[in-house]
Amino acid sequence: MQLLLINGPNLNLLGRRETDIYGTTNLESIEEELRGKAIKENVDLDCFQSNSESEIVERIHDSFKKVDGILINAGAYTHTSIAIRDALLGVSIPYVELHLSNTYAREDFRHQSYLSDKAIGLVSGFGIMSYQLAMQGLLNHIRTSN
Amino acid sequence: MQLLLINGPNLNLLGRRETDIYGTTNLESIEEELRGKAIKENVDLDCFQSNSESEIVERIHDSFKKVDGILINAGAYTHTSIAIRDALLGVSIPYVELHLSNTYAREDFRHQSYLSDKAIGLVSGFGIMSYQLAMQGLLNHIRTSN
Amino acid sequence: MQLLLINGPNLNLLGRRETDIYGTTNLESIEEELRGKAIKENVDLDCFQSNSESEIVERIHDSFKKVDGILINAGAYTHTSIAIRDALLGVSIPYVELHLSNTYAREDFRHQSYLSDKAIGLVSGFGIMSYQLAMQGLLNHIRTSN
Amino acid sequence: MQLLLINGPNLNLLGRRETDIYGTTNLESIEEELRGKAIKENVDLDCFQSNSESEIVERIHDSFKKVDGILINAGAYTHTSIAIRDALLGVSIPYVELHLSNTYAREDFRHQSYLSDKAIGLVSGFGIMSYQLAMQGLLNHIRTSN
Amino acid sequence: MQLLLINGPNLNLLGRRETDIYGTTNLESIEEELRGKAIKENVDLDCFQSNSESEIVERIHDSFKKVDGILINAGAYTHTSIAIRDALLGVSIPYVELHLSNTYAREDFRHQSYLSDKAIGLVSGFGIMSYQLAMQGLLNHIRTSN
Amino acid sequence: MQLLLINGPNLNLLGRRETDIYGTTNLESIEEELRGKAIKENVDLDCFQSNSESEIVERIHDSFKKVDGILINAGAYTHTSIAIRDALLGVSIPYVELHLSNTYAREDFRHQSYLSDKAIGLVSGFGIMSYQLAMQGLLNHIRTSN
Amino acid sequence: MQLLLINGPNLNLLGRRETDIYGTTNLESIEEELRGKAIKENVDLDCFQSNSESEIVERIHDSFKKVDGILINAGAYTHTSIAIRDALLGVSIPYVELHLSNTYAREDFRHQSYLSDKAIGLVSGFGIMSYQLAMQGLLNHIRTSN
Amino acid sequence: MQLLLINGPNLNLLGRRETDIYGTTNLESIEEELRGKAIKENVDLDCFQSNSESEIVERIHDSFKKVDGILINAGAYTHTSIAIRDALLGVSIPYVELHLSNTYAREDFRHQSYLSDKAIGLVSGFGIMSYQLAMQGLLNHIRTSN
Amino acid sequence: MQLLLINGPNLNLLGRRETDIYGTTNLESIEEELRGKAIKENVDLDCFQSNSESEIVERIHDSFKKVDGILINAGAYTHTSIAIRDALLGVSIPYVELHLSNTYAREDFRHQSYLSDKAIGLVSGFGIMSYQLAMQGLLNHIRTSN
Amino acid sequence: MQLLLINGPNLNLLGRRETDIYGTTNLESIEEELRGKAIKENVDLDCFQSNSESEIVERIHDSFKKVDGILINAGAYTHTSIAIRDALLGVSIPYVELHLSNTYAREDFRHQSYLSDKAIGLVSGFGIMSYQLAMQGLLNHIRTSN
Amino acid sequence: MQLLLINGPNLNLLGRRETDIYGTTNLESIEEELRGKAIKENVDLDCFQSNSESEIVERIHDSFKKVDGILINAGAYTHTSIAIRDALLGVSIPYVELHLSNTYAREDFRHQSYLSDKAIGLVSGFGIMSYQLAMQGLLNHIRTSN
Amino acid sequence: MQLLLINGPNLNLLGRRETDIYGTTNLESIEEELRGKAIKENVDLDCFQSNSESEIVERIHDSFKKVDGILINAGAYTHTSIAIRDALLGVSIPYVELHLSNTYAREDFRHQSYLSDKAIGLVSGFGIMSYQLAMQGLLNHIRTSN
């Protein structure tokens, strides 16, 4: 099984700024740990981060028929990008939306998502733990759907 | 560590109706399985279901100083009960909001929640798997907060 | 054939207060008269009134596979209870929404109903006559659906 | 007693199109059957259908002091015609609003009605049965008001 | 003269939690002190607290023709319960709405009340002093209305 | 100079119904009196009433290059007819909007007009006097514009 | 009979600025002409202009029991002053709202008025002619009301 | 193949007024030219213009089972007529919505259409060229659907 | 202790108009009675009424460091004056908002207040009794805050 | 004459996914066919597709003074990109907005476009035929504008 | 060149209250410093502060044909005064809107301004530096416009 | 001290298009002049323009701990990019938002900004002078904050 983890804009800053809020773990460590857990599940996990809406769109295109499920923390693009939504629907790959922070505890404009209604499910607010939970949820969905 | 799982209105019907959508697992099995997983984590999990807003409010009151974290699938009350929100804030126990289905894929009135902004985090859409993910997220939160 | 009549909050006051508006017929008389009409139609009509949202939810649960149609005057809960909506949808029993008064001639918050869009039909404004009309409509629906 | 049944735009198509949804009964049959029921109640029922807002307005004007009650299925004009509302209020004849389908189960713009708040009552969703229920409700209202 | 004090959901927690905000006075003491002041005014004050919407509705029903005025701190139900509003209007007993905290200094959803427009008056924000002010206002209203 | 007075739906009922509100003067008398005043001003006034949106549209078309100004009391069509607005703009004849009653003292849907923003001016609330004032205003506008 | 004309903020600039739009007639001339017309009607007209909300409020207070009708062009205060509305209602003197320009052809915030719904009537858009029309409408109202 | 072109209110004025905006081509010429193009496509095109909502509704009814596709420029009725929408859906004939001008460059109330969501497609803004484009689009749709 | 009572626009009319609604007590009597009660509490009460927004603003400025609490019935300015809000916040004096009538039983625009969210508390609807209740609430607040 | 066709995000997937909906024609074929038609019209058509908002912006910049008209199917950016709107307005090249699907038959957020109000015209819903229609409309506009 | 600086309500408190937020510089010093800078630019700067809407309106009137540009910090009146907007437009003097604080970082009602859309420009958030920047911007505008 | 000037999409067109509106100064000249002024202030100013949201995001990331303040004219991204907002907050560098034109005098969608509430301040409407004013404001802020 092949999974893809997509991290959107500003997530490359993880562990480098606002460490009092987000902790000192950087994105590479998160990805590595998650890949480790994936391997134990006999799953291959590809990790991708980009600050560019179009690169994310194209990475999703490239996954067509190659990837069984997508984990996506689209960051700010969650609330502004219909293009990413369209790409996800275009390739017909099940995906889980995830967020580090609880978006409902933040500004009003973060309460609306272009991804939620078509996602398998949503995990938000658990910090870096959100990644693991989302992957488990996605794996469980794929396995029970087959 | 003591956790409480609260299930709100209509969740007692699980596994008994609409089994094509929700599966044939009933609430008792879900609770049992979750309690089993809790024990492995050295955690005591209490389970409570009620169709009554006031019983849920009072069960939360009773948890004051006795419970370390709450898992709550408030069902329809998620969208209509400020009383449950107030009870949760009143006892100051960290809680996770969870849903079986993806509420964003359903009617508009299910997109608003009185619980989300004060929750640790939110898990929705993974079917009965949502319970496990929520418990893991809550446990991780409690352990890393201490 | 088995029908269930549900009356929601404050309807137990019928005939006891505001008799200039609602008349002097109390709920028991309405129920009795309706049961009489049901018998003539070879239909068994059960009557239930409660001021409690959860009792109404549970009465609907109890009707699962036992009741062929529900007449519901949910009173104030029409406008505030998603739990009752969910219960009605959960048991998959056809129902008719009815009101004594014309809710569109009253406060704005009574113009919205959580029950209407999934009901067979709606009868409102005919005073106690609304009950008879609703029962006829429901019976006709059930008979022509079979 | 003299009643008037008004059917608005597109209702002349009944039984001729979308027969899988609306059945094969055409408007003439509905009117005939209803007139039959009216006769049994010692009531004279006049039937009128028009696709024209102004013809409906003028038919209402013509009823002034000649008609004791109006049954109106204004179809699409329910949601767009203040002129028909004004005509009904101008002649001060009690009226019942009725619909074949459940308008709350359809597009948002069908949830608003210019007729409801001033009607005796509302019947919707029971298919052609709506006509009978509406007539009974209207008759009962007229008789108990005198 | 007979008055009734109704306290809604979560108010039983007073003095037991968040004592830094709400003080250490519990509900029993408030009730006792208020009853004392009532006696000095030759008034009998009954006190009732419930977390249940239906119990509050029914307590109001029971007051019909027995109680001259109601003091109500409906807590969260202020913003969600049309049933309590209907009960208060049904028994036609004058009532005063009161709140411990200033609801306008809190979440947006607390700025709307189903009780205010039909109340004699409103007192909010004075902590436990709100009860005394509300009782004085209600007494003055009843005495000057006679 | 040639003027046209247009009266919309239900205004043919003037003086025939609700005479306690609108008085006993009928539309013919209003038109006659206004024509008399017009003659004194050396103005020819044509009067037209219709309950039909399309007849009003076509009467406006017919006025193209023949009429110097239009007085229009479009009644209910004020609030629902873009077709009449388009006709008035299409023939480029200055017009005054008038109403018998004060539309701002009535239902919310009467506060919006499709005619106001392109009218010379607006007169409302003066009963049948509104016609005279509107004609004076229109005449003055035409004379001072030349 | 005693009438009062109130002109609100910026109307003292009439005839002095933007003369291409508003013409070269200044406020004094308008007042003088209107007083002349009033005298012919055996009416005493007092004229008052102020840029101050409170002075207008107080001038209305001073009219209590001394003035039979008020003509008011409240200018910008039309859209922002509840105090002037309250003063007008407080003294219970019938008033007519008038505007030089067509407020519906201008910014959105000029489409809302705190005065309209309680006014006898409204005249707008006729330039300085609006004053004469408003006075005639007011006089006619007062005379036919007695 | 049989097509029907429907032109709504005020379109009979084309080429007769506002010729600087809409050009000097009148509706008859447009219809003639379009019929010519239709003939070359072996298609019979019927043309119909009416200022009356009900006549348009009835023309659509008459097309039932006789017409393969409808081109409709409903003019102002685009934004106000649910009756025309219902007629189009009732006869189940595919239709294309077209406009001479770009409705999005005009008043806000022209941005909403009761026809768009059920149309095959939409062409707007190309002046009289819109008719040709719409016919081509409709023909292509019909031919590729068979 | 020094308190200040501020009464806003139109309150000088109290007892002079609409005496059937507001009673025959004028503002001077209210102020006198309140001053009397204040003296018994060893409190000096200054009373100020103005119809002018700026005079109220300046009176609040003058209170800086001289006044311990403010009672304010800002009348219509409650709903329109951000300047008074800013003045109250600028001088950092605790204040209580009060109203004679129940503003929630009146027009929609009276349901919004620029003063409520920063006030100690709110008293409304008790007629002239509102002043006493507000003073007691303010005194209690000041005394328990020290 | 020089035209430019711009296709936005996800349109490179055409013919490769969801072929049951969009058909098996890929973007290259569409472009080729359109270029062929352009040549017959003596027009040079450049084709450009990008998933990147900034690349589209820059392609528009590059067209300044080189291109006579633009055909743009901006896909998801239609609803989210003000930058593309600004680029189109900046270079002052007439453009036509086009869509494969009928955007009004899809999600609410697709009903709003940042491009429509400044476009020559709009073509949507005709599948790949939309490209041809849009090019014809644009050509006709350019030719008749010169 | 003659400039006018207008400061609105509560700005006379500068440097006297909330000195931790606004600093200890009072309005007189700001005015003096700004006048000094103006002199160096060969510009005469008049300074005016008022808490009164009408005094500000009248000061603007007085500037007609005497002042070349206005700097206005209207404080709370920015958000509530259409009268000041009208005065500024009436005298046709270019003006710059300025604020000490960043109004977008404050309450929602401060995000709307009646002055912005007609101002030359806007400067906000720089504390007392906002005055200098605004004056430079205004001077530059006047000089480059001539 | 190190400052960064960021110019967003389409600003590279400055001086090249719409020169009647924006003047003939191109972006390079603006940058050069501003750098000159910066040098006089002993400040090093870096200039960056991009049409790409992600390049702007990444340039902000690169500024972390290297830049003391940012001047940003984000153009269209001001109104659509949460990613840029997040980047600015992520690196915790004070920034000033600036615009050439007065955004409040333009389309409604330009009145909302994702950058304003967290900016030091805002300068808009002064054309290329906005850059100088913004830099002065930013410098003053940084110097007085240290």
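Assorted remarks:
Order of writing sets the labels: A, B, C, D, E, F, G, H, I, J, K and L. Residues in every chain begin at 1.
Following the convention adopted for this analysis, contacts are C-beta pairs under 8 Å (C-beta built on N, C-alpha and C of every residue); 3 or more make two chains touch, one makes a residue touch a chain.
Remember, predicted model here, so these are calculated numbers, not experimental data.
Least step count on the touch graph, chain B to chain G: 3. Counting only chains that touch, the fewest steps needed to get from chain H to chain L is 2.
Residue numbering at the chain F/chain H interface overlaps only partly, since under half of the positions present are found in both copies.
As a whole-number value, the distance joining the C-alpha centres of chain G and chain L reads 49 Å. We define each chain's centre as the mean of its Cα atoms; on that basis chain C and chain E are separated by 31 Å.
Look at where the CA atoms of chain C average out and do the same for chain K: the two points lie 64 Å apart.
Under the contact definition stated at the top, the residues of chain B that touch 2 or more other chains are 52-54, 80.
All chain pairs that touch, listed by label, are A-B, A-J, A-L, B-C, B-E, C-D, C-E, D-F, D-H, E-I, F-G, F-H, G-I, G-K, H-J, I-K, J-L, K-L. For chain E in complex with chain I, the residues that touch the partner chain are 102, 104-105, 113, 116-127, 129-130, 132-133, 136-137, 140-141, 144. Taken together, the chain I residues at the contact with chain K in this complex read 52-54, 57-58, 61, 64, 80-83, 85-87, 90-92, 114. Residue ranges on chain B touching chain C, taken from their complex, read 8-10, 12-13, 16-18, 50-55, 75-77, 79-80, 109-110.
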